[in-house]
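Here come two complexes built around subunit A, the first alongside subunit B, the second alongside subunit C.
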Partner chain A sequence: MTALLETRGLVKAFGGLRAVDGVDLVVEQGRIHAVIGPNGAGKTTLFNVITGYLRPTAGRVLFRGQDITGWPPHRVARIGLARTFQITNIFPRLTVLESVQVALAAARGREKDPLSRSDRTFRDEALALLEDVGLVGLADQEARTLSHGDQRALEVALALAIGPKLLILDEPTAGMSPWETERTVDLIYEVARRRGLTVVLCEHDMQVVFKISDWITVMHQGRVIAQGLPDQIRRNETVIQVYLGEQV
Partner chain B sequence: MVAWPDAVIQLLSGLTAASTLFIVASGLTLVFGAMRVINMAHGSFYMYAAFILATVAGGAAGGARFWVGLGAAVVVVAVLGGLVEVGVLRRTYDKEHLTQLLATFALVYIFADLALQVWGGTYRSVSVPPGLDGQAEVLGRAFPVYNFFLIGLGIAVGAGLWFILQRTTLGWQVRALVEDPELLAAAGVNVRRVGTIAFIIGALLAAVAGAARAPGITIAPGMDTEILVDAFIVAVIGGLGSVTGAALGAIIIGLFQAVGVLLAAEWSSAFTYLAMILVLIVRPSGLLGIPER
Partner chain C sequence: MLVLIVLLAVLAVLPFFLPPAELITFQKVLVLALFAVATNLLIGYGGLVSFGQGVFFGLGAYVVALNWRHYQLPFWLAMGVAPILGALLALAIGAVALRTRRLYFALLTLAFSQLFFTIAEKWYDFTGGDNGIFGPMLPPALVNPTAGYFFILGVVIVSMLILWKITASPFGLALKAIRENPNRAEALGIDVYQHQLIAFVIAGFFGTVAGTLFVVHDQAAYPQLLSWVKSGEPVLSAVIGGMYSFLGPALGAFIFQYGHDFVIRFTTRWQLVLGVVLLVIVLFAPDGLTGLVYRAGRRLGKGLGR
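== the complex of A and B ==
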């Protein structure tokens, strides 16, 4: 097994609060890897540090063996580490197709040629991506008019546009109806398998977590308190005590 | 009663004023639209362009050097804009809006004092470039050819901006920047670079307006804040952040001022504010503005 992503002794402190407190995370190639834990456990902060939105206080982030600690978000994205956000992030007033074309253009370095005609730029590839996430019929809609589930699918399409090796999903099913949740989970699973993507996701819905994960890391108060196969986690005493207790 | 040929001339004058107002205001609104920054120093860019043009092409010997001066003005101000964004504004993005406002407001004073040092407090003028001087005959009345040039320039700038914003990758990135800089970065776009480019385009628009308007006005200290107020009114009427709105706002203000001159010359500047009040009563976010969430 090779580690695609690795953090070593990662710390992020806000004043006196150590939101991430010495996390060693190893994400193996090809896995769907869930990071779970109670609210405030530091999961989102961990993702923000890995993807360059926050600078770590200490520790290192390695992606495919390369030290990417402290890189700005766009550089992290360009080496193949894509992410979505906890709160749905889309470009509300761009059309669905335009949004994906922006991401494709950025990923392929067309940023260097800023006056390239955008309407012809990567149109076919953008449509193919939308086909993959089931949004091709909504290509010309403004993104803000989409349903919550469709906006999530668009986010996944945007993340895929950069051609990632690793996809980090921050609570992909937050605020979704059971039907939308199922659809989104299927989409993630499908896309990951088809493209051989490694996925790291943070999720509160334990049914989702145990259904799709190959590996689970449990965080509590900024630290990793357990990791292992889903069955091991389900039976882990500490995990049941601090987190799973009331749910399983 | 006003004879109708005079009314047409007045209308054309209104459109001439609207054209310059639009070019200045479009820069202001573009920067706000992309970065949510109100650049108080926008008027300083306008004034600098006029002064640079006057330095290169001013006085009696001017004339043919007009275009060289215009080019120099645009280039120098664009560089200045880049320096302001990288050197000053970039440090304020994670601060409150008030900090940004104060920072750009400080720049207004710094630029004004610097201008006094470099150019002194005297008035300057630039003559209309050869080929665009003289009068055209409209319905038996005389109307300056140069004003037609200004109207055409406004239309050209508007069309150019529309094309860039709607049809190029840079334009999409500028539009996406204001909506979600985080997501844009996650897509692999260097958001700081897009911000700098947007700001430079904004400065460039102020420069084009300042240089193009220079013939026929007195170039003097104080024109920076004067144009800033007008541009701000235009941008607010149109809806801050909307370039199309700025075009509408400019036409409304231009025409209100022109009509105002006909009806009550000494009250003409009051008509500007009257127009703003009327629009904001009906649409508090401006004609094409989007209410803040």
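== the complex of A and C ==
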């Protein structure tokens, strides 16, 4: 197996606080890779540094062997690294269909096309993608009118639309009902397997984590304290002490 | 669609019913309508509030008037060159102002327009200072108010068609996505800065076109055309008419102009009346009159459906 994404000695400091403190992460091709840890462990900060929303204080980010450290988000997206956000992050007044169409246009370098009709651009593909995530019936609704679970599904559709090689999901089931959680997890699992996608996700629901991940990295206070197969992590003393103890 | 055809028909026969003085007022409405729709590419589509679009409007008027006064090149040449100069100026201002965040963008555009206002007001030898430039600067074909009206109408329609085409394109959709959520747009690979800069240049181009049409209407250029008061007119038109629909700002321009003319017949406190109207709109119909009509229509549709 080869590393699709790698971070080397990644540090992000906010004043005196080192939110990410020397993280070496290796994400291998084709895996569903969970990053877990207590609140404030630095998971979201790590994702923000990887995807260009924050500049690292030190260290490097490599994607398919290419150094992408400090690239702006739109360039990171261009090379096949898509993400969703912890807080629902959609286009409230665009319709569901328009949202996916704009994502497809961006992925194909057509987002500056001033001459075509946007309503006809990538329409069929967008509908097919919405079919995949179970939103095709809501295509003409404004995104802001969707339920929380549907909005999260739309986020996944947006991330998939750019045809990513790696998908980073920041707490995809945050704030969901058990039923919605199950649906979202199934969706992620199914889509990732079908498309041969590599997925990095951060998640607090341990049932979800152990159910779908191939590999787990545990963070605590900005550092990696353990990584391994789900069974190894479940039995790891340090991990149980700082994090799992309360849950498993 | 039907509404548009009726509207065009009314606009086409208007000169045969309106007395010349009224027709000239209506020319002004058309000019403001184009200015507002162009500016709304920034406000309604790009989510950018510029308080300095007057600089482009004034530039359009000044290019034509200054040419008449100093260079005597053909009028039509000045009309054609002005929007290109406007686009270049927008490129320069946008490249600086768009580097900053929202509020600073609004303030920087304001600062640039005030800079040009001051230059136009103080440079007596060249611009005529605060007196501006007045005179018979139109070619014979446009002197007649009806001819002027049809020329303005034609340019406004063509410009709006181009703007419409742009807003309905993938570029326009990407712009809307940026308005809705710039961070998310970036995560999809959209270069927010470049998109906003292109939108700013297009808005500058057509704002300048509107400024050249002002000369057809008034045969004059003066510093107030560059000022923040002028810059405010398209913004207010967009708010009144509705910034989320393409023609909303044009409707707003109509209401703004006639509202102004109506109100000042009774009171000199136009600003006060305008303030109250804006307050009511912002509080009760933030998407403007077109938004209000749209929602009423949907409610009605639902009622009839039952």
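Quick notes
Criterion: the second predicted complex is superposed on the first by the 245 of 248 C-alpha atoms of A that agree within 3 Å, B and C clash if a C-alpha of one lies under 4 Å from a C-alpha of the other, contacts with A are read in each partner's own complex, and residues count from 1 in each chain.
Everything below uses one rule, namely that contacts are C-beta pairs under 8 Å (C-beta built on N, C-alpha and C of every residue); 3 or more make two chains touch, one makes a residue touch a chain.
For clarity, every value in this text was computed on a predicted model and none was experimentally measured.
In the superposition on chain A, A:Arg93 makes contact with both subunit B and subunit C. Shared-chain residue A:Gly175: touches no atom of subunit B or subunit C. When the two structures are aligned on the shared chain, A:His74 is found in touch with subunit B and with subunit C. Judged by the touch definition given at the top, the superposed model places A:Gly9 against neither subunit B nor subunit C. Across the superposed pair, subunit B and subunit C both touch subunit A at residues 51, 53, 72-74, 77-78, 82-83, 85, 89-94, 98-99, 101-103, 105-107, 110-111, 113-119, 121, 158-159, 161-162.
Residue ranges of subunit A in contact with subunit B, taken from their complex: 51, 53, 72-74, 77-78, 82-85, 89-94, 98-99, 101-103, 105-107, 110-111, 113-119, 121, 155, 158-159, 161-162.
Per the touch definition, subunit C reaches subunit A in the complex via residues 165-166, 168-174, 176-177, 180-181, 183-192, 194-195, 198, 244. Considering their complex, residues 164, 167-173, 175-176, 179-180, 182-191, 193, 197 of subunit B touch subunit A. Only residues 51, 53, 72-75, 77-78, 82-83, 85, 89-94, 98-99, 101-103, 105-107, 110-119, 121, 158-159, 161-162 of subunit A touch subunit C when the two sit together in their complex.
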